[in-house]
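What follows are several structures.
In the two complexes below, chain A is the common chain; its partner is chain B in one and chain C in the other.
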Partner chain A sequence: MNKPRQITTLRAVAVMSSTIIGVGILSFPRYMTEAGNTSAPFVALSGVLISFIIYWLLVSLCQRFPQETLFVFSRRLIGRPLAAVFTLAIMLLFIVLTGLTVRQFGDVATTVLYKKTPIEATIFLMLLISLLSSRRNVLKFSYIHSFYLPLIVGSILVTILISLKNVDMLNLQPVLMAPGVKFWNGARQATYLFQSSFVVVLLIPLMEKPNHAVRAGAWAIFMSGAVYVLIVIASVGMFGAEETKLLIYPTLEMARSAAFGEGFLERLDAIFIIIWVISVFTTIYTTYYISAYLLHKLLRLRDQRMASSVLLPVMFILAMLPSNVFETYRWSLHLGNAGMIMMLGYSLLLWTVYLIRRHGKKVPS
Partner chain B sequence: MQDWKDKYTSYLHKQQASSPQPASGSQLTGNLKTDIQELLARLGENGDLVVRDFQLFGTHQAAMIFFSSLVNTEQVREHVLKPLMARPSEHPGMPDQAAGMTHYIWSTVVQVTQGTTTADLSRLPPAAVKGDLILLIDGVPEALHLDMRQIEMRGVEQPQTEQVIRGPREGYVEKLENNLSLLRYRLQSTDFRIEISPLGTRTQSRVALCYIDSLADSALVAEAMRRISMIHTDGILDAGYIEQFIEDQPLSPFPQVQSTERPDKTVAALLEGRVAILVDGSPFALIVPALFNQFFQTMDDYTERFIMGSLIRIIRLIALACSLFFPALYVSVISFNPELLPTDFAVAISGGRAGVPFPAVVEVLIMEVSMEVLREATIRLPQMIGGALSIVGVLVIGQAAVGAGLASPITVVIVALTTIGSFATPAYNAAIALRMLRFPLIILSGMFGLYGGMIGTILILNHLLFLESFGVPYMSPFIPGKWRDLKDTLVRAPLWWMRRRPSFLHTQDSDRLPRSVPSRAIDQILRQGDEKNE
Partner chain C sequence: MNRQLPRTLALLLMLVITAPLLSGCWDQVEIEDRALVLGLSIDKISAEEVQMEDRVTHIHDGSLPAEMISVTAQIAVPGRVPLGPGTGGGSAGDSKTSPVWVVKVHGISLDDAMNNLQQQIADPRYLVHLRIVIISEDIARGSLAELNDYLRRNPEIRRRTWLLVSEGRASAFMDVNPPLQRVPTLYILSMMEKSVSSGKFPRDYIGTFWSADSKWGQSAYLPYVALRNRDNILIEGLAYFSGGKMVSKTAPIEIGGFMAMMGMDPGGYSTMLHTGNLGIVMTQINERFTRTRSEIRDGKPHLSYHIFLEGDLDEHYSSDIPIDSPLKLREIERDFEQQIQTVLTRLVKQTQKDHSDIFGMGEMIRSHHPAYWKEHVHDKNDWESMYSSVGVDIKLTLHIRRVGLKHK
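This part shows the complex of A and B:
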């Protein structure tokens, strides 16, 4: 009854977009304005473009091996030991990424809204639901994302629309300033949000049309990129660049000031946070899932349940390691750098080997 | 007739003697006396077992054996005994030898529609237990068993659990034949297949698997058959027993098999390409695969015009969401995020809660639990007492609890909305699932506020997304979704617009209506008018 290739292109788009839209959405406008003042939307936009290039570099190679995941064909390209080392590195990257993301989430949740909930409980619950959901196969994984994506994107767009009436176009000018080092640094930071689009590697062998993977990524990255850029435009337009720099969570402030229905609900921010919890869940779920998947492949376990259970304490400890918000932020910047360098390096390495081998002798693909 | 004392002593004797079991599979000997004895030994001592010896056509010794509780004795007398006891002069074609007698009797004498001849003695006791009459003739090593089963049954009534405003009023009864006839007369198609086989080593309940041959996915039919064939149990007393043996996830609170009392609903499901399972003795049919979507649909949605049907379905969904989320939302907003409420309202609520000694979560839990108790109590009681109890319950929960300072008025409102909301879900088993799931949600919300409620909701939603019923994802047609399948979900599209069958059922014939022809009368009339004008 079940076909082996069931993930449609649309669903792949959903998985990537809901993964990309995540914890960063609250503070994103601040980084962007710090990097580019009023040209913040362009910083975000260039970030989107750069991330797509990185994505394209990796996935266009993966498309050439539509039957296998990256972790399988890399063994044939660069040999078993080296491939295992890189897989391990990617796994560690995603484990740390999960830990830090969930920590960032906990920080925001406890300081802003759920003040009475201890941060340990917040983090643990979030990791727990990711654990419980990570025990299923990739197909079910994609169901989850395609179910939540409309909720996430829809409500963010509604919030932006409501706050658009408070936007002052003057705040957005001058639209473009001469890009400097700061500008490109900001763009680079923006790409970190898009790193989890790596998840497509798991999906390709199950996709109905594996050769649409790049297209799916383009849709996903540009759609979620559009959401991010819109948020930047809305918050800069609302508060002005200087004010946005001072706000820790400009998006939340934006939602807060957007009253809805003249007093039906006093404030929208709690509703916004609810949706944000879902979007954070989908992000953490993806990184958790990738980590569990890789661990289960590396240790050759029979199924993923064991792997995902083992990861929970590791990630919890990682999440509790940073002593404060700033340390979390600094660590995640370092992690983003490391991730970007590794992904770029790995893709280039694989490409080089692939091209050399293809010229030498045909690689069966 | 023995009295009870004799029965007791003879029973004790028998227990001590523990006679050896007769070997099974032995053949009939042809000697009437020994055959009867052998048969009686296998059937055991029973008060309702009748052995009637008589002279067959005045010439041969014969006997019939049957259970008077399963067989209509008047019919036995009229259609079997009377012709068999006729004088030989009335049967000029009667064979001289005893050997051809069974064939002669079966083909010319008894007027019974179903029966078999067998020489195998071991097949007779099960037949007798099923309601067959066994005819043994002296000198013939063969027995004739005739289906004389007749069981008194209640008549077809309106279904108790699924009432409709508009639509057929017939519901299933316990007897399988009646239920199948209710189906057959609605579905007069040569493609309609009913497979019947006994199940349960001791009860031998007959289980019927119904499907439409040219529609239902053969993999689905095969899977249903495979799962039923894997049931090993001694007794099937209701369709619910089967449900528990064949469902995908026994630990899930959500039902993965739909049960219905309505033949029209069953036929509608069969026409969509689903499979129905009926059991003798149960007034419920099981429908597989069952999806979440089905549990808030009723027959009324389809019999009423589509706008009404859609609106009512949306109302029902709101009620369903209320019954699950309302108390949890209330608890988390009151105890963690009161700033979300408009100020005047928040003040009013806290005024109402002023005298209540418990935190909101305890208060809501107390009220919800007592409401559940009240509901459960009224369901089991006879109607007269039930009414009295609900009045007491309403007074206690509504008025007195507030007066005594146990609960605030707003809590009573919330609990009432929740309970009413849960009653608006048409499928009883799905409603229970949602009602029970609201308790963990309340507790999570009481502990972690909106965040806890959110986590609980995500868990429930993820569970629903992971669930499958007979290989079909439980949340289809939402996820994995197809646009055309969404016509019969939150809203119910007009019947003439739903031209295709649900794609997730992989039916062999995907079209309900022919594609090109307009199916509304008005379209065709207008088209004819246009042609005339030209």
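This part shows the complex of A and C:
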């Protein structure tokens, strides 16, 4: 408490990376392959670059107000009512995102792990854990993330490395293809996974060096982006493009077929699934935290503890809304679209107002 | 006090809610209450037997396929599966002490049959330990789409399961009684795994089969096995597929030829050949390496294979003629190269006639000549029919490194 700025750049990187690596990891190669066949890794890479541009747009603005969060300085830029509307919209976005993410988690868990456990129980418990942890302050939030990150990245990398020996280079060629509509659609879908890097706006006012926010984001996005690209390379290289399109969770299949030696260490999928559950938790934790934080700002509560308790039933109901796995995925894509338009639109709007105002100030003086 | 009360109540409520959620596991099933299916065999059945359908999943057969399958499952009996070799000395074959229980059911589809099976046994069936699925040649020659769909969809099935095609009835494999292993499917499994590590067979799990089946520029193949003397299992060749159906099979030595074309290590086949001046000799291949080039020649795909082999001289049948100089080894090498080249060319010709590109030549064209591929190939069928007109050059180089302990 005596030192307000305690989040180091490294910790900010950890928060963002462990947030980005989440539930999407299982189905990601399928989306990329549908968009680009053998050039799927390239589609993913373009997605990573685009996400960074979107991130940079928002954060370079935030860096000009290192003392405040986005929700505070936006009031000064575009006025209280409009800022409140946008904050509300972002909050709704993250509430729905949490709901759908936890639903995807529940679907996988019920299909693959616990066939008889009601999906409601898995979802409820996941939300409950997130609720309990998001009652803590941002600093503890960042500690939890940096504790889990090495576990997540390390074990995913091990799985990928084991699978890489089964990669057939022919499956990955031709590497490049002429980017068409499908290609850019795929790249756009890849950026959806990186949207929760938005969490950085909560961290900036508490960062030791706020001007390192862009750098932290670059590290986080490119590191988790590398993980994603590697996953695509491994699963397309292992299964071939056509087979990857058939599988609902190609990454899971990849982990299921990975083995050390001959029958020496098989069934690594158990470890992989455990780690995946942790990575889903860190993702849901972040989106939950953002939602609760925004609610508390909107309602001007003392802190976000009350807000986070209120959100649990809402998210639970949202998670139960889609009637099947196809609907969940369709909704997630729509949400991703809406999110991208929101983030881009909002940061462009703020930038324009900011530039006009600065310009306006200069002229009279 | 008043502020404390709601908090305490909330805390209590939460504890009450979480207690049942955290206390136990919905999916807990003790291991001895599980029917672990180790192996499955699938046969087509004749019309007379069809009457025996159990009607577990449906009542009217009218709109369902008329053909039925018979599934034989090998279920591990808890407590009797020996852990490691040589534990316990019970005589195998006695049904009271046998570590596995063989159950036979009929059904329209595999899932239907599995449900019929469940209706007959008490414990819930688990396919997580399924390692071997044997299908009869009849099934393989029909469409495998239904089978593949069920096995791909089921989260308990792993891609490292073996799928084998059997000569004759597949169910016969569920009754074999090999002396080396007490569980028949585990014997078949270790046999396949060992043939992979000794270079007798490519690593062709069901996942590999599926990937090849999905690829446009490659046709799938499966191990083709047969029973000898009731208990011995022979790997008889590759069953190769075209359009998702098995079309034919190769000879066992052609597996070696196929692996040489693909450059799969280690080498494991010995070849008996008649040389011009030295009589009959046998060589054992230890290492294979293949360099492949693809090009478009006069609007047609053309592939050149250059196969490098390393081997030993194993046996000299006509041992009265001495083999004692590099020149003579060179002679064997030259004769080997010529003869195996004709074997390989024949294999390629045969698969071309059957429109089954087990070598994945199409994949090579797809990755190296994408423009040509995009123009000419629009689905798997296109490539499989085009495959028969592909030009293939095969060149071999054999190096005999060792001759064993005999000088002449």
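One rule holds in what follows: the second predicted complex is superposed on the first by the 352 of 365 C-alpha atoms of A that agree within 3 Å, B and C clash if a C-alpha of one lies under 4 Å from a C-alpha of the other, contacts with A are read in each partner's own complex, and residues count from 1 in each chain.
Here is the rule we use: contacts are C-beta pairs under 8 Å (C-beta built on N, C-alpha and C of every residue); 3 or more make two chains touch, one makes a residue touch a chain.
Since the model is a prediction, treat every value here as computed from it, not as a measurement.
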Which superposed partner A:144 touches (first chain B, second chain C, both, neither): first
Partner chain(s) touched by A:38 [first = chain B, second = chain C, both, neither]: second
Touching partner for A:242 - first (chain B), second (chain C), both, neither: second
Touching partner for A:173 - first (chain B), second (chain C), both, neither: second
Partner chain(s) touched by A:11 [first = chain B, second = chain C, both, neither]: first
A:116 touches, of chain B and chain C: first, second, both or neither? both
Chain B versus chain C as contact partner of A:125, first or second or both or neither: both
Partner chain(s) touched by A:256 [first = chain B, second = chain C, both, neither]: second
Overlap of the chain B and chain C footprints on chain A, listed as residue numbers: 113-114, 116-117, 121, 125, 263, 266
Residues of chain B touching chain A in the complex: 217, 219-220, 223, 336-337, 339-343, 447-452, 454-455, 458-459, 461-462, 465-466, 471, 473, 475, 478-481, 506
List of chain A residues in touch with chain C within their complex: 38, 111-118, 121, 124-125, 128, 170-174, 177, 238-240, 242-243, 246-247, 253, 256-257, 259, 262-263, 266
Chain A residues touching chain B - in the complex, by the definition given at the top: 1-2, 6, 8, 11, 109, 113-114, 116-117, 121-122, 125-126, 129, 132-133, 136, 140, 143-144, 146-147, 263-267, 270, 273-274, 277-278, 281
Residue ranges of chain C touching chain A (in the complex, touch as defined): 18, 21-22, 25-27, 152, 155, 158-160, 193, 196-197, 205, 207, 210-211, 214-216, 360, 363-364, 366-368, 370
